[in-house]
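Two complexes come next, and they have one chain in common, chain A, joined by chain B in the first and chain C in the second.
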Partner chain A sequence: MHSTIIRSPRALAPVRRGFVRRNLPYLLIAPSVIMLLALIAYPLLFALKSSFYFWNLQVGPEPMAFVGLDNYVQAINAFDFRAALTNTLILSVLGTAIEFGLGLAIALVLLKTLPGMNVVRALLILPTTIAPIVVGFLFRYLYDPGGGLLTWVLQSLWLPVPAEGILGSPSTALAAILFVDIWQWTPFFAIVLYASLLAVPDEIIEAARLDRASAWTILMRIKLPLIRRTAIIIVMLRFMQIFNTFDTVLVLTRGGPGTTTRTLGYSLYEQGLVNFNVGLVSAMTWITVLIVNVIVALYVFFAFRNEEW
Partner chain B sequence: MSNRTTFSTALTYAAGLLFLAIFIGPILWFLALAIRPAETAFTMPPQFTFEPTFDAFRHILVDPGTNAPQLVNSLIVAIGAVLLNLPFSVPAAYALSRFKMRGKKNIMLWYLGLLMAPPIAFLIPYFVLITRIGLQGSYFSMVLVLQTLTIPFSVWLMKSFIDEVPAELEEAARVDGARWYMIMWRITLPIVRPGIIVTSMFAFVFAWNNAAFPLVLSSRSTATLPIGTLGYFATSGVTWNYIAAAAVLAMIPPMIIFLVFDRYVVRGLTFGSVKG
Partner chain C sequence: MTFDIGNMSRRNMLKSASVATLLASGVGSLVAPRDAGAQDTNTVRVLSVEDPFFFSMKAMIPEFEKETGIKVELESLSYDALQTRLVSAFVAKTSDADVIAVDQMWLGQYLDNGWIISLNDFIAKDSDIDLSDFIPEVLYSSNMWRGQIGTLPVAAYAQGVMYRKDIFDNFGIAAPPTKASEDWTWTKYVETLKSLEGKSFDGKPLFPTVICGSQPSPITHMFTQLSVSHGANWFKSFPGAPWDFSPQLTAPAWAKSVEIYRQLYKLSPPEAINYVWFDAGTRFAKGDIGMFYWWTPYFYLVKNSGYMTGKKSDVMDKYATAALPKADGVAQTVSLGGWSLGVPSSSERQDNGYAFIKWATSKVTQKKMAQWPDLNYQFSDFARVSLYEDDEVKAIYPYLDVQYAMMKQGNGKITRPPVPGYTAVESVLGLTLNQLLTGSEDPKTALERTNSLFESILKGNLMIPYQKESFADTLDGANALIGTLGKA
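Showing the complex of A and B:
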């Protein structure tokens, strides 16, 4: 135990052999795990139980009747739910892909070291710092059909703007919401990708240049593989964030017009906090949790397969 | 300088300006909404010049008859969330950074997975539970449920900071006979104080920006700023200058924090997976 060998940070093994000593790492982790389990197990079990009952807070404070799988059948058969699932998938897949692509392009521009560009980089993160609900208001103001700046810009460029407004037209509403998400989160991808690209050693890139590799080849074969792990994590987190969005939709369109911008998150909000249909919303919660878990499990399985920890 | 480099320099600056116009322009336009006379908010074409007025801010901050002190509420909830968070996440991060243990990868992924839980799905159960135990509208209920977001995030970020403290320092103390908790308390934690500050700041921003939990758990007197904006939205006739004033107050602290901790922003946003 009086060894003077320098150990790596992870290798600081327990020295004494008591119970506390042996289980020290687990004991240190336990409070946070117990706290988190208490915070998430209750809602999940609560929702599981409630999902088998007819329970509407507007009708009564307690569950009224056991209805078996009725809530699940109702949730899946409702046209709204399928529309919501489709919209949610469109938003999260397109959103993540476009934000990654644009973010990467911006990151590559930022990598050109010129005086003043670091100011651009520092300011660029600002959209990401704003609460989604506030971003919702910001764009509701910009999209306003009677005086919104964005509406005005589009009209000035002789682009067609729907008479009902960008958010009021079924053909543009979902795209408008997607645009808001892209506006808020492209800078996030740009800054993170920029920082991880900075860490790619110059010598490797120089060597590739000497071998006459094109800029595109260098990007695809050298730079991107080297920032793989960061990319995996931010893509996953962002995908899930959009998947669960409800506040932007609440402020911008309330799921309308019709069901064109209804998302799973917003449907859960509406059934739970507007209609107080606890039984139905619990079934929808479980369906959503299962969908999310399948997607994440597949992603984690394929993405982290070869990662060392 | 060759023509080609001049051209590429000009192109880079043009791109930089375009980025700023697209990503910062809308924010500035919205800031202006908070201080412009209400009647000029929606004019076609937009009015770019106006007499600034601070009436909306006065209404949000001072008028005590109708408005809950939302700024104060936001501060209480966000600071409370940070204070409750640290004693849970710092020891966990220390353990994950310093000790070998079985299933470490799974534990790390479990924390990460929690960040992906849909908060909206938890709202109704929390609402029912908190109402049943009579804590509805309390600051504590909001601070408590926010931990589902702040603990997993802080564990990841703190771990990345503790990873960087050289193990030799701890070894030296151990040779001198110090116990592990003395080492953690007297050596490691003081060294990672900047990391604790940065982690706290990020947890603060998360809690500050969160609208989902206060939406169901706050009462009129404990509503936070994001909920305040919704309030001005729901009442008859949208009062845009009040919305904007409340929104601006809500926007400023996270912006300042991100600009001040610029160096650490990337690390925070990626939960430490990139050392920034």
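Showing the complex of A and C:
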């Protein structure tokens, strides 16, 4: 025999309060999750679906045929895609490593109490505040073979400058783009690492000095381990940013000469916003996303394998 | 179910966040244009590229507003930004403009996709547009697609030669002819340039010529004038019907043209490998180039030191123009291109749009644009025959006879076929040409490889075999359409 218990509205209130209390964390993050799904998951799934279709806006406004993996095969077999991947990896790895090294060196100098250091700190951040496309135009003039400042400096130092110009030679063009990135983003490393180094307790450094530890030992055994987490995160961020390099390539070389400065970002731009091949660019996007994720996942695994984060 | 925030794995949470961020970075966002429908019906929104015609057209707009009472909202963008903005808006079916600037290459795509409307009906009902005053070769090349006039030309470009009179006189070199002739060939052109090799003038070393080397579009624009002069075709059958887009880059005319273009590069400043349109064009204005060929807007742009600066160049009174050379035994074809104006199908003010186009492309407005004195008179890209015969305009732009003769030999549909999928094959050709300038690869081998890439791209784009209906797109057909619409 069943009995029905009828609760008064007053009696229901604790039930509702209990539901809210139990699910509060979900309710709090729900807006973020909805935004993520709408702005990230949906476009990605849309791109995934598009990557299996022939859809070129130059040929027709709608997807025209299911082509399976054809777009992926076409993307991988295009020789400029492979060149773009190689160039992108070179830029990302070298750029991140050099910017980190230089940034750390600058951060250590900034710790010194030298005259004018406040002005230096303020000026240092300036390059990172300039839009990359503007930086591209700036360096286009600096690299100009007919009197650009950087060309003149190299010639004054008796260093060889190619007749085609720094941006016109296959042997120097990629390095020139790397240099632009280093110029603009090394200060980012410097400022962030400087802030982290400021947080290292003076007592520890002082104690190490009393134990007659060298500056090198203090750096390697105390300072770097204490700023390790920050360093790992900003290295990851910069790697991902450089992986998407596009603006400076567009302005400086348009991927040339040949394919020597073509990057994945530039290839995506060309296929998507010049050739309007939605299917192909969707496949290229997914290949790029997978490559970046594999690299970052491996990086995160090795960087944080001994700790909870 | 409970959710213990204290035990939540930060590792998992950060991993998810980083993955999500990475994924987001791989996907571009579409531009969200303004809604035209929400605006006043007595306005017209014009979206233009910032080519030279834009500046003089902008200066004339108060006159249009006064004449019609229609307020103009004019916006300009760079070439790449305009194309991106337009296509993004069309895909989203929310174009924010009533008039758009359309490059010659985009017309087929825009009309086939229904992104712009045909102007046939507007023109047929219009008794004073004077269609017969337009150069038929220009309308055919830039404005017609499948028997429809999709746009009207606001700035028409051909290609021609510019050379330094003083340098030629100094070295006793005969001036190139102002009219096409059987003697004025590409072989003669290269020989003339070679006679300037190693020379200095006014204490500065000379470069005999300058070329455009940047990929993909700039180098293709310049190279294809050379190739079409030699009789090269991109496809087996286009624009004549039936359309067959089997690529023809293995034909001898392509390899021959590459050889000549390489010679021209060797006679140019080495940094020309990275030159885009205006880099090559305005390099001549610096004073150390003997002769070059390029789009006809440079007939006036070289008067400025720099692109649209208004600052007089060193060569302002020292250069002259000449006819484009031809190849031995091949009838000349001149590359035609330029900008036209069209009305998006999404516009709710199509009448206003047409009124603006009619005004901007009219003889009266084009003449006023030509007579606008700022920037050292920077507009002579006429598509109307009457302006090439106008003495007042000719007094400002003395080279108009040469330019008109080039226009009359023009066929933009053969030089750079405005077919669906064009930019995809252009990017491959531009890359190959750029590589051939700096490398030592045999042109024949490189072009065979490019031909097979073309074939693969065109098959991938469902262009081989062509699956839609062909159209017999000939100049005669264009003339017939002009006659029909003009008489209506």
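Rule of thumb we're sticking to: the second predicted complex is superposed on the first by the 284 of 309 C-alpha atoms of A that agree within 3 Å, B and C clash if a C-alpha of one lies under 4 Å from a C-alpha of the other, contacts with A are read in each partner's own complex, and residues count from 1 in each chain.
We adopt the following convention: a contact is a pair of C-beta atoms (placed from the backbone, for glycine too) under 8 Å apart; a residue touches a chain by one contact, two chains touch by 3 or more.
No experiment lies behind these values; they were computed from the predicted model shown.
Asks: Output check: A:133 vs chain B and chain C. Expected answer is one of first, second, both, neither. What do you get?
Replies: First partner only, chain B.
Asks: Considering only the touch criterion stated at the top, classify A:212 as touching first (chain B), second (chain C), both, or neither.
Replies: neither
Asks: On the A-aligned overlay, A:244 touches which partner chain: chain B = first, chain C = second, or both, or neither?
Replies: A:244 contacts both chain B and chain C.
Asks: Taking the superposition as given, does A:26 touch the first partner, chain B, the second, chain C, both, or neither?
Replies: In the superposition, A:26 touches chain B and chain C alike.
Asks: Report for A:122: first if it touches chain B alone, second if chain C alone, otherwise both or neither.
Replies: So A:122 only meets chain B here.
Asks: According to the stated criteria, A:253 is in contact with first (chain B), second (chain C), both, or neither; which is it?
Replies: second
Asks: Looking at A:305, would you say it contacts chain B, chain C, both, or neither? Reply first, second, both or neither.
Replies: neither
Asks: By residue count, which of the two partners contacts chain A more extensively, chain B or chain C?
Replies: Answer, by number of touched residues of chain A: B.
Asks: Counting only touches as set out at the top, which of chain B and chain C does A:54 meet: first, second, both, neither?
Replies: The answer is second: A:54 touches chain C but not chain B.
Asks: Report for A:70: first if it touches chain B alone, second if chain C alone, otherwise both or neither.
Replies: A:70 sits against chain C, while chain B stays out of touch.
Asks: For chain A, which residues lie in the overlap of the chain B contacts and the chain C contacts?
Replies: In chain A, residues 24-26, 36, 39-40, 43-44, 47, 144, 146, 236, 240, 244, 268, 272-273, 285, 288-289, 292, 296, 300, 304, 309 are touched by chain B and also by chain C.
Asks: What does chain A use to touch chain C in their complex?
Replies: Per the stated touch rule, the residues are 22-26, 36, 39-40, 43-44, 47, 54, 56-61, 64-65, 70, 74, 80, 144-146, 162-165, 167-168, 170, 236, 240, 244, 250, 253-259, 268, 270, 272-277, 280, 285-286, 288-289, 292-293, 296, 300, 304, 308-309.
Asks: Would you tell me which residues of chain B are touching chain A in their complex?
Replies: Listed in rising order, the residues of chain B that touch chain A are 8-9, 12-13, 15-16, 19-20, 22-24, 26-27, 29-30, 33, 41-46, 87-89, 91-92, 94-101, 104-105, 107-109, 111-129, 144-145, 147-148, 151-152, 155, 162-163, 165-168, 170-171, 174-175, 180, 205, 208-212, 215-216, 226, 229-230, 233, 240, 243-244, 247, 250-251, 254-255, 257-259, 262, 265-266, 269-271, 273-276.
Asks: Using the touch definition from the top, list the residues of chain C that touch chain A in their complex.
Replies: 1-3, 5, 9-11, 14-15, 18-29, 80, 83-84, 87, 90-91, 109, 112-115, 213-216, 269-271, 273-274, 276, 420-424, 427, 431, 434-435, 437-439, 456, 460-463
Asks: Tell me, which parts of chain A touch chain B in their complex?
Replies: Residues 1-2, 4, 6-15, 24-26, 28-29, 31-33, 35-36, 39-40, 42-44, 46-47, 106, 109, 112, 114, 116-117, 120, 122-134, 137-139, 141-142, 144, 146-149, 152, 156, 183, 186-188, 191-192, 195-196, 199, 229-230, 233-234, 236-237, 240, 243-244, 246-247, 251, 264-265, 268-269, 272-273, 278, 281-282, 285, 288-289, 292, 296, 300, 304, 309.
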